[in-house]
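Okay, got some structures for you below.
The same subunit A turns up in both complexes below, where it pairs with subunit B and then with subunit C.
Right, the complex of A and B next:
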């Protein structure tokens, strides 16, 4: 009896050790991933508080001997030309990204709903057609879109970027939202209709509140895409007062030199809105991505 | 290196005469405002500060100062990493232009060196180019040959063709027609860290005499100190690469064509010559055999060499006098012990002539920039305000501003700039300026061909990368590059 009990206990221990081994391997992997993603951010922050000379020292100063906020002061001072430019670029990026996000949601929500709920000729074809653009690298559309924007008089306007970002961001936004709508039981809308609601009212009062996580996820996705985009902004805009941040921070690179602390401070400040947005809304984002993937 | 040594080095150079002739040769050589045959640090000092110029008065003859108009203008700008001094001069220039021509609405846009050509090409495709553009020396013929530029010669903006370096005028001439005005011209020099030389057992005050010495010194520095010896750069589509490799190629007697000769015809491709292969072999030896250059050389440009040099991790590099000013700025902004360390780097910085090839041939790229006016059909709005454009060009290319805008890193495109009081002041304040001005007579312009940007920015770096990565042998890489140039010139 005791032999059986001992054998069982040994088996359980071995199993627990196996489980613990995998768990520890997972933890180590996650720690590695955390370092992999966090170290560049930390290094960016540390470099941004160094002087130009300290930033180039080898071996590197892991923590600056003489920390300075000079780069941040320069960027945030509206009295000097660097600060004026940076704040203008920041505002431009915020404007373009916000408008893109709002329009993206306004278009993607009804489009995704239509794909989810209605049957109409060419539905499948259209649904896959919206993804067609995403099957090609963005850069091959650069010159054709530039010529198109030129023809419609949008070169050197933020409208050219908003239109382009919508074109690129909408396909995935529609796919993301459609998956979400597919998971909302149609019976809920039918019940609302029986209670006297119109289809539009059922959509606004029943479907929209239930799809809030999906809409927020779509908004985050659109915002981040527009906020970080470089090549189209670089091509379509050539006036200093209109540049967005990804293009604007190029000014820290010269032919023969780079202002590393300035570049890092600008990059850090550029990442702040996205990080804050994601931290605040991440639970919606994760929920949308997972719920859209499971059929109830 | 003393000025006397530099002066005699200039006079001694056996090939200088040929190269100087190349730079000076124009179809109708008039009387330049300075005597180029006497070019030496002493001569430059003797003419500095000998003449005054009235910029506004001169430009008023081209475009009246009360002219009302609008100008869109793109240029390779100066940015945060550039010397403070230079950034201030750029700021002063645009302020002065606006004061001098208060009724011209100027919309200027600064672009970075590596982006300007690509962005300009895209804008031209959409007929959305600016009215005037200042391009690097390599760009003029490409756009002139495609019909984008209006004919424009120095006489159109109040100057004489002889007021500019003949080599620079060649770079803005296509099919016998002049399409631009040079703003600045420069040659680089060889920079080394005296302390690193000393610690590696080399003479701290003597630059390597030949490129073969550079290979040897680089290995010695790497072997003894474990740091990179020479700052080789091989990045693709970055102007820094040809500016640093072509002097080596020419010194060994090679070339893309015969651009290093007095009267180049650009007919025969010479990238696959034994001399060109020897130059490529030298780079291969440093990168692959000795591993004595930065491992990141394949993607490096000068902006990547500079931090290594500042950190004492690089012994030698080819660059402008502005590197010294950048160091001064870094030192001025450093605090505490960093300030002292930065001063040590500055104290150990040395400038010398670029090394020669095995046969004593010394060469350097004759670089610079030019301003051009676009044809109306390629410009946003379909109109070019020529008087406004000429006012801007007159001012930028004036003796005063062509010098001030090149204060720390280049030289005035307008030779009269060397006579101004600012040149005298510059010689007193910009250390090592003597060395880089001494290199001017050794300068070789890039081939004045529309294909030059493709050859210099893509094919030549590709050749280097193919050899250095082992994708091809040195012979194969040189042959491959020569074939690509032939195909390109043949219209393939």
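Right, the complex of A and C next:
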């Protein structure tokens, strides 16, 4: 008896130690990942408040001797040519990303709802086709899309980017939202229709509010995708006043030799909308990813 | 309140007929239960009446209107769903108010009606809660409340009690019955629980495989099932069905078993079996109409005990007879043991005879 008890007790401690070992390994790994992602950001922030000279010093100043917001002032000053360019790029990016986001929500919501609720000929094929697009790397479509854009006269317009970003963002958005609608019992709509709503009202008044987290997640996803995109913006646009931030920053600062504090300040300001958006709405984002995926 | 008429109602999904030529009339103020096994088309039928599914052919009349092409909202009906379908983002108050808001009632009138419904259903203290903060029984009440605030012509209920535990179900059963009596409401009530149907309904419609089998009062359905399906579906424990053959020997007609025994019939029952087109006859008997004897008596049939289930009030004995299992109830003071030899005596007046081919009940003139 006692030997069995001892043996199991020993087994348990050993198992606990093994679990603890894994847990610690996990923590160390996460810490490593955190450093890996956070250090460049911190360095970016620190560099952005250095003077041009301090930024290129070696050994580096870990904390600037004379922190300055000069770079930010320069970038945000509409009087100065650097500021004019930066603000224009920022505005371009904001415009393209916002329009992409709005359009993709407008298209994805009814599309996902239809895939979830209705049976129609070609439904499965269509749904598969939507996902198929995501199985190829984006660059594959670069040349064909460029030719297409030229044919319909959209090269050098923001429209070309918006269209392209939609084709990239929509498949996942539809898929994500469909998971959401699948989990909303159809009886809720039926109840609403019996209670006096039309089909459309039932959707707007009952189903839409329940899928808000999914819609918000879709919106964040589209916005971030469009905001960060580089290759297509680089290919489709050539006029300086049309550039979006990723291309604009790269081009602009490679021309002005290397104004590292300026570059870092611009990069920092470019990440602000994404980070803010994410921090404010991450609650919904996480809920969307888990709720959409798990049936309950 | 209004009556409801279904006429030759058909619903097909592709080539599959979920509802097959169902015709029935629900009179004003009647409580009709739609019963049948899972997948027999009860929900589909109810959804057709509600207008949630489009009909393939046939007519539905509510009140004096043919409602075939009307939207659910224009049919003047209310529905209670099995999973309650309460709006999760709305408070109980707003759940109850929703149907009234959709009908554009003035705010103070809505308030009055919601509070009245809450008072009737004894849930005034729950009005500010969200549905997920309620127990199953409370949610069920809210669902009922949402149906009744509107004072509709017809109530449709799809297994409203099946998610409740046994005790609460019995309690809500009497509440719904009471509610029907007080309001004189026309109710169509779907359930797969035959006991619920028998205890609550004025009439029951027994369905199987999309077909309406029988539509009558519970007492009639119980006493005169039209076919073997209805006979075995209604009543618990189920009616025993024993396949036999008609034989005529020295002038008398009897039912004989492959086991070698034969059972003489009363003149009325002889009349029934001689009218059948086939020699195959199925004998049906409910547990309470069979007498159990420990020794042979005239007219009794030998059988062997399979299991004995004492329940306190009565003891249910299952016995093997001619390849079928027969349920018999005996008083608890009679002791029988498994594998014991017993003799069963059937009540000629209360036995059922079915055509072995068509499974339809055999009738005398």
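Operating definition for what follows: the second predicted complex is superposed on the first by the 256 of 296 C-alpha atoms of A that agree within 3 Å, B and C clash if a C-alpha of one lies under 4 Å from a C-alpha of the other, contacts with A are read in each partner's own complex, and residues count from 1 in each chain.
Definition applied: a residue touches a chain if its C-beta (ideal position, glycine included) is under 8 Å from a C-beta of that chain, and two chains touch if they have at least 3 such contacts.
Owing to the predicted nature of the structure, the values given are computational and were not obtained by experimental measurement.
Visitor: In the superposed model on subunit A, is it clash or fit for subunit B and subunit C?
Guide: On the shared subunit A, the partners fit.
Visitor: With the two structures laid over each other on chain A, which partner does A:66 touch: subunit B (first), subunit C (second), both, or neither?
Guide: first
Visitor: Is A:146 touching anything from subunit B or subunit C once the two structures are fitted on A? First, second, both or neither.
Guide: first
Visitor: Could you look at A:194 and tell me whether it touches subunit B, subunit C, both or neither (first, second, both, neither)?
Guide: The answer is second: A:194 touches subunit C but not subunit B.
Visitor: Touching A:209, do we find subunit B (first), subunit C (second), both, or neither?
Guide: second
Visitor: Which holds for A:254: it touches subunit B only (first), subunit C only (second), both, or neither?
Guide: After superposing on A, A:254 lies in contact with subunit B but is clear of subunit C.
Visitor: State whether A:239 touches subunit B only (first), subunit C only (second), both chains, or neither.
Guide: first
Visitor: Quick check for you: in the superposed arrangement, does A:262 touch first (subunit B), second (subunit C), both or neither?
Guide: In the superposition, A:262 touches subunit B alone.
Visitor: Working from the superposed arrangement, determine the closest approach of subunit B to subunit C, counting only CA atoms, in whole Å.
Guide: Minimum C-alpha separation, subunit B to subunit C: 50 Å.
Visitor: Could you give the residue numbers on subunit A that contact subunit B in one complex and subunit C in the other?
Guide: none
Visitor: Can you list the residues on subunit A that touch subunit C in the complex?
Guide: Its residues touching subunit C are 185, 187-188, 190-198, 201, 206, 209-210.
Visitor: Taking the touch rule as given, give the residues of subunit B at its contact with subunit A in the complex, in rising order.
Guide: 74, 76, 78-82, 91, 107, 109-110, 112-115, 119, 122-123, 125-128, 130, 239-240, 302-304, 306-308, 310-313, 319-320, 322-323, 326, 329-331, 333-339, 341-342, 380, 409
Visitor: Okay, in this complex, where on subunit C does subunit A touch?
Guide: Touch list, subunit C to subunit A: 47, 50-52, 71-73, 77-79, 81-83, 85, 87-89, 98-99, 102-103, 146, 150.
Visitor: Subunit B touches which residues of subunit A in the complex?
Guide: These residues of subunit A touch subunit B: 51-58, 65-66, 68, 70, 81-82, 142-143, 146-147, 149-150, 155-156, 234-235, 238-240, 250-260, 262.
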